[in-house]
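Next come the structures, one after another.
In the two assemblies presented below, chain A is common to both, partnered first by chain B and then by chain C.
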Partner chain A sequence: MRPMEASPGFRRGWGRQTSLFQFRRPAFWAYAVVVGGTGVFAVGAQSAFRQISPSGWALSWLLLAIYALPVFLAVYFLDLYEREPLSLVFGAVVWGAVAATTLAGIGNQGWGLVVARIGTPEFAARWTAALTAPFVEETLKVIGLVLLVLIATEEWDDVMDGFVYGAVCGLGFAVVEDVFYFIGVFGGSPSAVLAGFYVRVVSSGLYGHVLYTALSGMGIAYFVSLAGEVPIRRRVLVAGGYSWPPWPGTSSGIRRGSTCSPREWKDSATGCSSRWLRR
Partner chain B sequence: MKGVPLLALTVVGVTLARRRERGWLESALRSEVERGTLSTVELGLLLDPTARRRSRRDVRARAGAGAARLLKRLQREQVNLAMIKTRVETEDDPDLERHRQYCRSLRNALMAVPGAVLWASSPQAR
Partner chain C sequence: MCVLAVMVVVVFGGYVVAGALSEPAGPPVTVAGIVRVSPLSGWEVAERSAAPPSVRFTRGSGNLDVMVFLFSGTPIDLAAEYVEQALRPQADRLEVSQRVQVVRAGNRSGIRIAYIGLFRGVQFQIEGTVTAVVSSSGVGVVFDGWAPAGLLQYVIGDLDTMIDTAAIR
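Up next is the complex of A and B:
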C-alpha cells in the first residue's frame, strides 16, 4: 500500500460526490420542510395565474424556458472537471424558484408595512421596494445556499461550485418572479406577456438575479472551501466582497423609486406598476 | 448596462476558479504521466478546453465520428481518473488501478483506428 503522493497543489477530496438527500442531516429536513411548505403556496399561485390567462401563462413559461435553458446549460458545463451532482443543482433551482420567491413575497409585503409605519405612506409607496426588496430577496436566496452547504459541505470544495449553485438558484428565482410580473403586473394576455418579456428580460438586462446569486455563492464557497487554508479574516473579507450584489439591486431600486409616483407604486403589490415598466 | 460590472466580476471570479481547478487537475495527473497512464500531450489537452475541442475536431476529420467519440470518452475518463485520485488514500487503490486500466484500454482502442494514429503523431497532437 503506497500512500497517495502529495504533489504540490494536490486537492484531496476534490472528486467526492454527494447527493441532496442526506437524511441524517438536520439541514436537509429544514430544506425539505421549507420547500414543501412554500411549494403549496407556489403551486397555488401558478394555478391562479393559469386560471387568469391560460395562454399568457403558457407563453410566459415558454419564453422563460427559452431564456433559462441556455444559461442553465452554460452554467452547468462551465464547471469543466468536477460537475456538481444534479440532485444538488436542481435543489438549488427549486429553492430559488419555490422557497425564495414565496418567502420574498411575504417578506417584501411585511417590510412595506414597517416602512409605512416609520415614514409616511407616500414615502413607503415610493421607497419600500428600493430599500428592502433586494435585501429580502438576496438574503432568502443566500439562506438556500447556506442550507446546501450544511447538507453537502464536502461538495463545496471550490469557488466554482458556489458559482454553479448560486447561478442556478438565482435563475430559478428570476423565472418564477418573471411569471408573476407577466401575469400579475402586465396583465397576462399574450401581448402583455411579450411586452413584459421585453421590458423585464430583454431591456432590463439579462440574468440579473443569476449574477447576484452567483456572486453570493462564490463568496460562500470561498469562505467554506478555504477553511484551514486562509485566515478567517481574509475569508470574511473576500466572501463579503463577492456577496455585495444586494447593493446594485438597491441602487436600481432607488432609481426606480425616484422615477415612480406613489400612485404608480400603489397600483401593484410589488411596487412596480406596469405603466412605469412599459416606459 | 448596470449588469456589466457584475458580469465582469463574475467572469474574473470564474476565470480564477477555473485556473485553480486546472492546477488541481494537473497536480492530480502529473504522477500519472510519469506512470504512462496518459501522455504529456493528453494532459495538455485536458488542461485547455479549446485544445480539447480542437483535438476532437481533428480526430473526427482524420478518423471519423466514432474515433472522435472515443477520444471524448477517453478524455472524460482521464478527468474521472483525477477525481478518483483525489478520493482514494493510496496510489495502488483497486478503484484507481481499475480506472487506469480502463483509460489504457480506451487509448489502445483509439490508437487502433488508423486516422487516430496519424492524429496522435501530428504536430497538433503534440
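Up next is the complex of A and C:
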C-alpha cells in the first residue's frame, strides 16, 4: 500500500484520467448517437436563428459568452483536488447544450399537450413551463450525467466531481436555451436580445440551471463514489435529496413561465370574450 | 438501456398520453351532408351557419371552422381563394406561409398552409392553419383551425386528429 492510499478520504482512482472516448463502453455509443442525432437539429436551429437576425444572434452569443465563461472557468479551476478530464467536462457541456436542449424542446411540447388536454389551452400556455419543464429538463440533463458515469465511473470520485459535471452541463443548457428565447421569443433584434438578457439572465438569477444540475450531479456522485461504503438506502435518500430542489414546480419552472409577455396573457384572457368578433 | 428507456418516456411520453386522452366525444357533426366531423372530448359546436354551410367547433380559445363550398379547382386554389376572400378582407395584417404541406384530411388528400395575422376587432394576433380538400364531385371543404398566437401549439394535436378522422363524401 502506498502512503497516500492510507490517508483519510482517499478515493480509488484519484490521479488517473479517463477520457470521454471509451469506445468499448455501450454508454459512450449511446451518448454519441444521441448527441450526433440531436446535433443535426441543434445546428439547424442555430442556422435558422442566424438567418432570422444575424446581429441579434451574434449579440446573443457574445452576451452569453460573457455570462458563461467566468462560471465555467471558476467551476473548472476551483476543483483544486483533481481537475476533471477536459474531454469529459466538454462532454457534459455538449450534452447540456445540444442533446438536453433539443430533446427538452420535444418533450416539453408533448407534455404541454397533456396539460392542455387535462386543462385548457390557456391553462397550458400559462402553466406548462412550470409544471412540466422542470421534470423534463432536469431529467434529461441528469440522463447525460448518468451516461458520463457509465462512460467513466472512475472519474466520479466525490461530490465535487458531480458538482463540476452537473454545473457545466447546466451551463451548456442555459446558454443554448437563452439563445432560443432571445431570438424565438423576444424577437431577435439587438434591443430585444438585450431585453431578453435582462429578463432571463440578470433579473431571473444568473445561474439557475447551473445550480440545479450541479446539485443533481452532486447527488449522483454521492451515490456512485460511496458505493460499498454507505448503505444503498442512505445513498438513494441523499442523492434524491440533492436532485429534489429543481423539480417540483419550482423556481426553474416558474421563472420560465413568467418570462412570457404579460401582455400576451392579458390579450389571451380578453381574447376569450372577443374571439367571436372575428368574421 | 434503462437510461435510454427513461429518456424515451420523458421525450415522447407526453405525445402518447395526450393521444390517449384525446377520445372522440359526442355524436359526429355533419356539415351540409358532405363532411362529418367527430369532435374530441372538450370540443363543442359553438356556431352554425348556412351561407356557406359551416360549423365552428371550439375548445377554450382553440377553434375549428369547417366550411363547404362548390368548387372545381385544386386544393391549392381553394386554399388561396379562402385566404383572399375570407381571411384577408377581415385582416389588418395577414402573413401566409409559402410552404404548402400535403396532408391527409379524412379519407382524402389535401393541402395545408399556415397563417398569422391581426384581425379587426380582435386585440391579439391569431395564428391558424387552413386545410383544403376538393372532392371529385366538385365540392371543396376548408378546415380552418385557429387560436390566439402562442396557443395554437396546444390545440394543434386535437385539430389534426379531428381533420384526419373527418369523413368527406
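By definition in this document, the second predicted complex is superposed on the first by the 237 of 279 C-alpha atoms of A that agree within 3 Å, B and C clash if a C-alpha of one lies under 4 Å from a C-alpha of the other, contacts with A are read in each partner's own complex, and residues count from 1 in each chain.
Heads up, the rule we're going with is that contacts are C-beta pairs under 8 Å (C-beta built on N, C-alpha and C of every residue); 3 or more make two chains touch, one makes a residue touch a chain.
These figures come from a predicted structure and were not determined experimentally.
Undergrad: Regarding the shared-chain residue A:T132, is it in contact with chain B (first), chain C (second), both, or neither?
TA: second
Undergrad: According to the stated criteria, A:V159 is in contact with first (chain B), second (chain C), both, or neither; which is it?
TA: First partner only.
Undergrad: Once the structures are superposed on A, label A:Y242 by its partner contacts, choosing first (chain B), second (chain C), both or neither.
TA: Only chain B; A:Y242 stays clear of chain C.
Undergrad: I'd like to know which partner A:E122 touches here: chain B for first, chain C for second, both or neither.
TA: A:E122 sits against chain C, while chain B stays out of touch.
Undergrad: With both complexes overlaid on chain A, does A:V114 touch chain B (first), chain C (second), both or neither?
TA: It touches chain C, and chain B stays clear.
Undergrad: Going by the contact rule set out at the top, does A:G91 touch chain B (first), chain C (second), both, or neither?
TA: In the superposition, A:G91 touches no partner, neither chain B nor chain C.
Undergrad: Between chain B (first) and chain C (second), which does A:L140 come into contact with in this model arrangement: first, second, both, or neither?
TA: Only chain C; A:L140 stays clear of chain B.
Undergrad: Between chain B (first) and chain C (second), which does A:G196 come into contact with in this model arrangement: first, second, both, or neither?
TA: Neither chain B nor chain C is touched by A:G196.
Undergrad: Where on chain A do chain B and chain C both make contact?
TA: In chain A, nothing is touched by chain B and also by chain C.
Undergrad: Help me check something: in the complex, which residues belonging to chain C touch chain A?
TA: 3-4, 6-7, 10-15, 17-18, 21-22, 42, 47, 59-63, 86, 90, 119-124, 126, 147-151, 153-155, 157-158
Undergrad: Provide the residue numbers of chain A that touch chain C in the complex, in ascending order.
TA: 27, 30, 34, 103, 106-107, 109-118, 120-125, 128, 132, 135-136, 139-140, 143, 146-147, 150, 260, 264, 267-268, 270-272, 274-279
Undergrad: Which of the residues in chain A end up touching chain B in this complex?
TA: 1-5, 7-16, 78, 80-82, 158-160, 163, 205-208, 211-212, 214-215, 218, 242, 245, 248, 251-252
Undergrad: Would you pull the chain B residues touching chain A in the complex into a rising list?
TA: Residue positions touching the partner: 1-3, 5-7, 9-10, 13-14, 16-18, 20-21, 23-28, 30-31, 49, 79-80, 82-92.
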